[in-house]
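Following are the structures in question.
Common to both upcoming complexes is chain A, partnered first by chain B, then by chain C.
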Partner chain A sequence: MATSRIRIPAPLTKGRCVMQKQGYWGYIFTLPFVINVVVFLLFPILFSTYISFTEWDLFNPPRWIGLDNWVRVLNKHEFWVSIRNVFVFALIFVPIQTLMAFVIAFMLNQAIRAKGLFRLFYFLPVVTPWIAGGVVWVWMFNYQYGVINWVLESVGLAPVKWIDSSHWLMVISSIAIVQVWKGVGQSMIMILAGMQNVPKEVLEASQIDGANGWKQLTKVVFPMVTPMVYLVMILSTISAFQAFDVFLGLFGSITTGIPERNMVPNLLVYRDAFLLFKMGPASATAWLLFVIILSFTLFQKYFEKKWVHYD
Partner chain B sequence: MSKKVKVISLMLAFMMMFTACSSSGGSTDGEVSPGEAEGSKEKVTLKIGLPGSYEVTSKEIIDGFIASHPHINVEIQEAPWGDFTSKIATQIAGNTMPDVWFQENATILSYGERGVAEDLSSYIEADLKADEYIDGLFSAKTPEGKIWGVPHGINPIALAYNQDVFEKAGVPVPTDDWTFDDLIEASKQLTIKEGDQTSQFGFIGSFSITNGWFPWIKQAGGSALDDTLTKSRFDDPKTAAGLQQLYDGLDQGYFADIDYLKANGGELEVFASGKAAMYFLQYSLQVNMNESFADTNWDVVKIPKGVEGKRYVPMVANTWLVSSRAKQESKDAAWEFLKYYLGDEVQDIIVKTGSTLPVKKSALDQLKDSTTKPLNKAAFTDGIDEGGVTLDENATWSEWRILVQQVVNEIMVGNVSVEDGVKDIHAKVQDVLDSGK
Partner chain C sequence: MTKTTHPLLKVLMYLLLIAGAVFMVFPFIWMLSTSLKTVGAISQMPPQLIPNPLNWDNYVTIWNKVDFGRYTLNSFFIVSIEMVGSLVSSAFVAFGLAMFTFRLRGLIYMIMLATLMIPSQVTMIPTYFIWKEFGALNSYYPLIVPSFLGGAFGIFLMHQFIKSLPKELYESATIDGCSPPGIFFKIYLPLCKPALAALGVFTFMGAWNNTLGPLIYLQDKELYTLPLGLLYLKSENVNQALLMAGAVITTLPVVIVYLFAQKQFVQGIASTGMKG
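Now for the complex of A and B:
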């Protein structure tokens, strides 16, 4: 006859009771965050995955169509054009923005007059709305009457079609410059914060050892702010792949007809989802964009150890 | 026990917080009731959506309806135009949309196709006398005979001209008998070039759809789509010829181009300041002209005749629709509202605001006595009577229109030839039309 083993729970000790109570309250206090993550993050992620396999116009129930949206998006010329554009956009924007942010931060970290005013000046575009910034840059880029071409012509150079050019590279490069104007202030502040954490003793020691300005910058300051530079690069890369406002600010509106050769993925997502009510292709495009951003970030992460110093 | 109560209270507080968040989406929503709260059980609630708020739809109209229909509880959902249009799609998806609202006619047609709009043909047949209205009443009618809405108002275009510029140049002002060739010829005469720069253009060469490429292809005998709205007609040489004329005007410098317009404050500013002598002006813009450029000496004539002597007056409409998912009693209340809107009282109010044209003939007749600029408002009213056309709107209009505009922009700035451009457009538009079947 088999005897059954009955597990008798251990008597509650005082310590365990307190732990349980603390755990209980822990769940309660994390509840808002958990709800927030589930409702506004997890659910949209899962739902958009599902939608990418359906035909859904927002108004009628989604209809399962398998991989059709993915195949259609991947077969569309405009999708690959948009991917090419966003890659080139990132390749131009990220290095320029990071380099400029580093140089400006280094300059503003020196003992110069009106330092605060300069910091404000460089940060101003960050808080300028895209609508206003877009209008100013459209005017500056105007082929016939813009201030940039006026300057070029006054020194004997030919005017350039900046954002009206038939060459996509010129258009994307011009827009990348505008994005640098908008974002360099934010990156500069981050790198500046990193530079201000460089101990004075280290700088003084390097000076005593004979390091001049350039050597001090490259051999002492730069290695010590590489975590910040790396962070700036990651954030700039993500913002480059998610570029949307800058394109709308300069082109006006999708309904006014942005040429296909100047499209980026987020414009396609917005157009398909909210102008044409094609949620399936929009979700598929968004997921493909996510895969690209993730791959690019992992690529950057791979090289992190080679040049970023956390010690 | 008391701790349990605390926990439950806390959870309830969270739930209330989320409930509050979800119901606070339409912060501008308000309920207006003319009568007492008691006895509202018999009342029908009607939710009216007003994009652009009372700036687009006169408050006098809504107040008048509430006063004259005490049995209907009116709930207004108003928001700036852009906010409303981006919110409405989500509302439809969540089945929380108003019972009746208006948007661009093309959007309403696509809603109809997707089953969101109620077919109003039987309502119209039962309650309206079609001969009291202009043809624009049926802007949202499909080739199959379904009517997805009725107009909030009609906005046709006419040829606006700056009288001072014409007088100074000694060029006779335009007349209703003008053809597009006359327009081009006068534009050349009125253009003043000083070295490399042009100080005055003959005409504003807009290349957006309503006052740009669409009237140009129509006058040349072309079209965007065929009569069934299922076939692209961008392969028609006449369509290409119209685009070529517009491009020539821009390329040869007697039409003001996009760079000039952007650098000089936009189309209205350029026209009002006399930097361009003529302009295809939408009716609604007369309000802006009178507000911002009251001293400009200007008037309008009908849009010129096309190559075959026929006149085409493009008009855009905003259209009211009734939600197909509303309860029957709300649908009936919505139709009560639309009947009221199409009645004499409201149509007269629309005439006074000047922001759009009413569709009732008796109201349009009042415009003949108008003393505000432009004096010749018959150019709009008689124009649509003679040759009013919609912009070949169908259920896929929003999609193919963007594709056309993309290529037209390229043609007009000289990046693509007209010949190559129309080939590209034709293939893309036909693809959209075929996929929308």
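Now for the complex of A and C:
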């Protein structure tokens, strides 16, 4: 121990020199990622932009058609339906998930018994494969034999058509419920981690100052976890706009086609590209979706200052 | 704060927590319950929670109909390779970014952050085209090769961690005549265990639950992963009991892994927010 303490300070400056002289090692170590970026990011971005201006079926050479794909996609009814759906989906899903995650995290941060068990239960859907979650929810949503409608009927309510409803809003809301089931555990763990970082002294001090439970929650705990709540909101917004797995899980064999009224953009991309082999419109749709996600994230960022507190 | 909680409030909290837990867990119970029903019991009203008789034959039928044994092995195979690849490569690249000063370091770091913004659907079609040109469609290469090249999220996570380790470690190892790769593999990689565990959790969940990748790249049924096997079963229009038996088989391995590594899962998720 003593010898090492003597040895380290002396070569310190020499070591720094070595590291700078060994700069080429930096390139060697980062090479895998540079290859990754060039092959799986830079090239795809350029190529995907190019494809969006062509007619291409993946097998024959692409044919340049200018802005046609973009015009066609933007003039299609189904595109706007899919945008409407994904916005409504996000509007239902993000607030419910965030609020639920916050409330559960707050309760699990109190002196509660069986905390570990609750955490285990809430997190279970997060690790469950989407398809498995999807098939069981479809079964529970079943109009005739579904357990949810059975519960409704046994308390004297009328059965509801959930994901088979002819109204898109009902379908989108049902899907949002499933998405909350799948994702709330992860958001809850993140917010809980934020809450556990609130120093005990701060809470005690606020108590001495006479803050009751509610005041403590709104004036002390909430402001201190806003960065985490914000992160959870951003992440769930992005996942809502990119929704795909939940649709695959619920509707399964996409080949048979999901009705236009229930479409979301990512499904359009998948259908156009891998079922219809229309790479042009698929790429244009993907880029449009990217622009929407980006502007929405920037929009949320703009309002960040108004309610998120960093230290 | 705990002492002042009103008893009535506490009762309310328990009720809420239990209601929430039922919402989370009931689908699993229902999955299991339906998977043990006879054809007649599936559509019976009111539904039975504990089926009578318990019909274990569904599992035998489904195991013979769909090669779930093989799909389980396939899933484990892909997931383990992806985990090794992504853990080692992310740490490797992060080590380079954290330890050496070189001219393009800032640029590479910035690109890494930028890649977190690019959604996969934009790059999906060209990537598919690349694998098609390599003749690697219908193989595991498109799923596992990219994981060996380091992902932005993983590199970011590892970079934050390696930066927090004392630099003297590197220097004294250099003095002792260790080469940079040696230093990485012998000293830094073992020290990164906590961060690797967190990244491992994410890689595991992402790889195990990945459906889109296998769906577009794998055609031969022998190559299917578990979720793809279940998707195939769903398209076969089998009865609900058989479908739920398939869902149980698909869910069970990942739940077992989760139960054993619960701590890593929770800490891994919790640590993502901490970087911000």
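Definition applied: the second predicted complex is superposed on the first by the 290 of 311 C-alpha atoms of A that agree within 3 Å, B and C clash if a C-alpha of one lies under 4 Å from a C-alpha of the other, contacts with A are read in each partner's own complex, and residues count from 1 in each chain.
Keep in mind that, in the parts below, contacts are C-beta pairs under 8 Å (C-beta built on N, C-alpha and C of every residue); 3 or more make two chains touch, one makes a residue touch a chain.
Keep in mind that what you see is a predicted model, and the values were worked out from it rather than measured.
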item	value
Simultaneous placement of chain C and chain B on chain A, clash or fit	clash
Touched partner set for A:V38, first chain B, second chain C, both or neither	neither
Contacts of A:L169 with chain B and chain C, given as first, second, both or neither	neither
Partner, of chain C and chain B, that touches more residues belonging to chain A	C
Contacts of A:L157 with chain B and chain C, given as first, second, both or neither	neither
Chain B versus chain C as contact partner of A:L67, first or second or both or neither	neither
First, second, both or neither for A:I28, with chain B first and chain C second	both
Chain B versus chain C as contact partner of A:W139, first or second or both or neither	both
Touched partner set for A:W287, first chain B, second chain C, both or neither	second
Partner chain(s) touched by A:V103 [first = chain B, second = chain C, both, neither]	second
Touched partner set for A:D57, first chain B, second chain C, both or neither	first
Chain A positions touched by chain B in one structure and by chain C in the second	28, 32, 35, 58, 139, 144-145, 255, 274
Partner chain B, residues of chain A touching it in the complex	28, 31-32, 35, 57-60, 138-139, 142-146, 164-166, 254-260, 271, 274-277
Chain B - residues contacting chain A, complex	7, 10-11, 14, 18, 86, 89-90, 92-93, 110-111, 114-116, 208, 259-260, 262-264, 398-399, 401-402, 404-410, 413, 415-416
Sites on chain A touched by chain C in the complex	4, 7-8, 11-12, 14-16, 18-20, 22-30, 32-37, 39-41, 43-45, 47-48, 51, 58, 100, 103-104, 107-108, 110-112, 118-133, 135-137, 139-140, 144-145, 147, 150, 154, 181, 184-186, 189-190, 192-194, 203, 207, 212-213, 216, 227-228, 231-232, 238, 242, 244-245, 248-249, 252-253, 255, 266, 269-270, 273-274, 279, 282-283, 286-287, 289-290, 293-294
For the chain C and chain A complex, residues of the former touching the latter	1-2, 4-6, 9-10, 13-14, 16-17, 20-21, 23-25, 27-28, 30-31, 34, 42-43, 45-47, 89, 92-93, 95-97, 99-105, 108, 111-112, 115, 117-130, 132, 146, 148-151, 155, 167-168, 170-172, 174-175, 180, 184, 205, 208-209, 211-212, 215-216, 226-227, 230-231, 234-235, 240, 243-244, 246-248, 250-251, 254-255, 257-259, 262, 265-266, 269-274, 276
